[in-house]
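Next, two complexes with chain A in common: one pairs it with chain B, the other with chain C.
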Partner chain A sequence: MVHINAIIEIFPDLAKGLTITITVLIGAAFFGYLFAFIAGLCRMSSNVFLRKFTGFYVEIFRGTSLIVQLFWLYYAIPMLFGIELGSNWWAGVIAIALNYGAYMSEIVRGSILAVANGQSEAATALNMSRFQRMRLVIFPQAIRMMLPEFGNYSIQMLKATSLVSLIGMEDILYHGNIIRSTNLSQAPTVYLLVLLFYFILALPLIFLTRKMEAFSKKGVASG
Partner chain B sequence: MIEPIVSFHDVHKSFGDVKVLKGIDLDIRPAEKVAIIGPSGSGKTTIIRMLMTLEEPTSGDIIVNGTNLWKMEKKGKLVRANEKHLRAVRGDIGMVFQHFNLFPHMTILENCMTAPLHVKKEGKEAVKQRSLEMLERVGLSDKVDQYPSQLSGGQKQRVAMARALVMRPKIMLFDEVTSALDPELVAEVLQVIRDIAKNDDMAMILVTHEMDFALDIADKVLFLDEGVIAEQGTAREVIEHSNNERLQEFLHRFRA
Partner chain C sequence: MSNWSWEVVAEAFPKIIDGLGITLGLTLACYGFALAFGFIWLFMRKIPIRPLRWLITWVMEFIRSTPPLVQLFFIYFAWPMVPVIGFTLNGFTSAILGLGIHFSTYIAEVYRSGIEGVGKGQWEAAKSLNFSKRQKWTKIILPQAIPPTIPMLGNYFIIMFKEVPLASTIGVAGILHIANSYGAENWTYLEPLTIVAILFLALSYPSAIIINRLEKKWNRRFDKKEALTRSKGATA
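Showing the complex of A and B:
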């Protein structure tokens, strides 16, 4: 049963995990977008090595499980190669960023390729350089296609942050598990509240995604 | 004799195994208005696309203002032009496309202002002034703050012309600019081209299916057939006195 008293008791304990969940999300989102842009652009490079290498990265990280990647980064790689990422915060952030960066790089690439060829030609006819064509014409249109997708992936990244509880980070889920293990009968209340926490955190992201969808609709219709 | 502003010397172009152009020789003088006519697939558009650097010739030379467009000198040898060379040579050329290709994320005014601001690095006020003048000239002063998606096809094409004119090209290329328009919108676009042809001293090359219009404004008409210039001359010479059977047949189809 879910009791009001229990909720009042559990709530502050769970809230202790907010900082970790939110900072991991922000870190993962920042690096995730960064990796997405780097990998997305590299996959369109004229350099064969760069293209193959990023293709390899994308397929490996899309094709394997995030939890396993997280364990590799946190447990296996430090042992095998002596590379320490510094802390479990960094291991969590980088694992989520690499994984979602791989997915989102396809969005970056796809969006840039989806901008009609005529746009680049018109820019060439106005004597723009390759860089100007990208910066002034292609990219602003591509980003409008990317934004709603990025919003969706941000929500997914928020949910993925719960995995860092498995490498000993004290996020919302970690605190929830602690409470439950000391007080088994509270399991329904605990996990209901955990869900609620994630949902409330997701609300601004959902709202932002809607905003970005509306923004995208303006000014991408064929010119 | 005035030096030509554009010359083609034995220009060939193939797409894979398909030979589209089989030796084009062509001189265009400053301010000359040239219409290229001919059946679909004869390579008309390819000629101006190569001049705009959108398509690289398979062989031959294109000379613009005395400079080889697609080849540059390097250590005394002619090599394939790089981006920098292409940019330096194509600066005097402007183009209007069949499908307008306006930038959908920019307002009409921004469409006109972007290139002079960023490519020519001109001052913002001067560019704005000139853009507004050009938009007035094409009759769209009341649309400057709208987006391309809010305009009709004819209006879009007029914006595209203003956008090209703001760059003050010496050579303007028109690639079947009325082909994608609803019939009732063709006249307004042709009117703007006629105005440019009359009042500006730039060279113009029009690839067109608007036969009467082409013959009306062109100093020179080229009939392109199966990858070669099969006939050329003034409009009168080409229309009335040519013995070329394919040309007569082609014209007949349009007159029918």
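Showing the complex of A and C:
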């Protein structure tokens, strides 16, 4: 069924897609965390307009599918405004980042709100400024709650990068599809290898997430 | 905004609506399959052979951390080519299997969390009252394990709904597929894709609100201070 020769032949072809998959993942993760923090903090702002606007962004992107958002950014945005997003790399990265940024902004908000009220009161009692309170007291406690969730979402983002093959980016899946279309009988080997590639990429993220889970539980009284 | 045309909207809308039945039907079918298969994982993890249990845990991890899109392609394109056991599946069935199995690994965790959430004292009580295995499960464990999982399962239904358009890549004619082919024929993607996005939003947003209410209600009822679920993200 799975021939060693076939694997040796297919492997380097698939590996050509690694760069795209990894760069899209890194780009999406960077912007995704960035959007998450911006949106998460904006939703707790005292400015009504800012709060409503980010709320709108979060609900829109959580309410629709990533694949629809990706196609919309790639096909519809250039038609609507007559602008190009530059390249499909940017379309892919921005779509994934906006989608997961919206989900993760809820994590950011939830974690900050979950820090006990007494902490913030204590900081006020110590005459800390609003910024100091956030930076020195709330944030260090909130971030340890966020980390495991961020780890989980980084795995989700890795899975999401496979969608960029649909807008013509030459990632692992794209190369897999090419090989399959020229040699149909090799399809099982090809897709098993593609899955394996993604799994190997996911492994460090899985272990990192477990580490973070252990880290976030350490030294905290009863979870 | 000059490129927006209401005529295109009027023409494309009825066509896209036609696909809604397939999208919703596929969501239900995938979800039903995932719910059922989740139980199978639960039982397989109870097998009293350690290496086998270990293997199953890793198989679940593998399915969960690899893209469902590739899994769909595997079932649709590769499964018929697998010698001996392989056979051809149509797009719809492939999607049920692919998305169903993918999400069943998440659903199994929900079941597990529900069962593990039942306090140790409850199990001991069942034992000390000399309940049979059947009585223990139907009278004590399940009535306490099921309610807290309902909002989580509801969340996964919405997530499933948002993942179903992946099936358009293997030719299942749901709303996204119709919008894409309309776009390709008429050289306008803007309106059809916007209609699809609005349809998704119109269906998933109210359901999310309902589930949120339900969750709050359950939490109050079971005196849970913390929310049991954070609306877990999509899985792409």
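In this text, the second predicted complex is superposed on the first by the 219 of 223 C-alpha atoms of A that agree within 3 Å, B and C clash if a C-alpha of one lies under 4 Å from a C-alpha of the other, contacts with A are read in each partner's own complex, and residues count from 1 in each chain.
Simple rule for what comes next: contacts are C-beta pairs under 8 Å (C-beta built on N, C-alpha and C of every residue); 3 or more make two chains touch, one makes a residue touch a chain.
All values derive from a computational prediction rather than experimental measurement.
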Combined model on chain A: chain C and chain B, fit or clash: fit
First, second, both or neither for A:Ile7, with chain B first and chain C second: neither
Touched partner set for A:Leu173, first chain B, second chain C, both or neither: second
Chain B versus chain C as contact partner of A:Val194, first or second or both or neither: second
Cα-centre angle that chain B and chain C span when viewed from chain A, reported as a multiple of 10 degrees: 100
Which of chain B and chain C A:Leu208 touches, first, second, both or neither: neither
Touched chain A residues, chain B compared with chain C: C
Partner chain(s) touched by A:Gln141 [first = chain B, second = chain C, both, neither]: first
Which of chain B and chain C A:Thr124 touches, first, second, both or neither: first
Which of chain B and chain C A:Leu50 touches, first, second, both or neither: neither
Where chain B and chain C come nearest after superposition, their Cα distance in Å: 18
Chain B and chain C contact sites that coincide on chain A, given as residue numbers: none
Sites on chain B touched by chain A in the complex: 52-54, 83, 87, 90-91, 93-95, 97, 99-106, 114-115, 118-119, 147-149, 156, 160, 163-164, 167, 173
Interfacial residue positions of chain A with respect to chain C in the complex: 1, 59-60, 62-69, 71-72, 75-76, 79-82, 96, 99-100, 103-104, 106-107, 110, 149, 152-153, 155-163, 165-166, 173, 176-177, 180, 184-188, 190-192, 194-195, 198-199, 202, 205-206
Residues on chain A engaged by chain B in the complex (per definition of touch): 116, 118-119, 121-130, 132, 136-137, 140-141, 144, 218-223
Contact footprint of chain A on chain C as seen in their complex: 1-4, 61-62, 65-71, 73-74, 77-79, 81-83, 86, 162-166, 168-169, 176, 180, 183, 188-190, 193-194, 196-197, 200-201, 204-205, 208, 230-231, 233-236
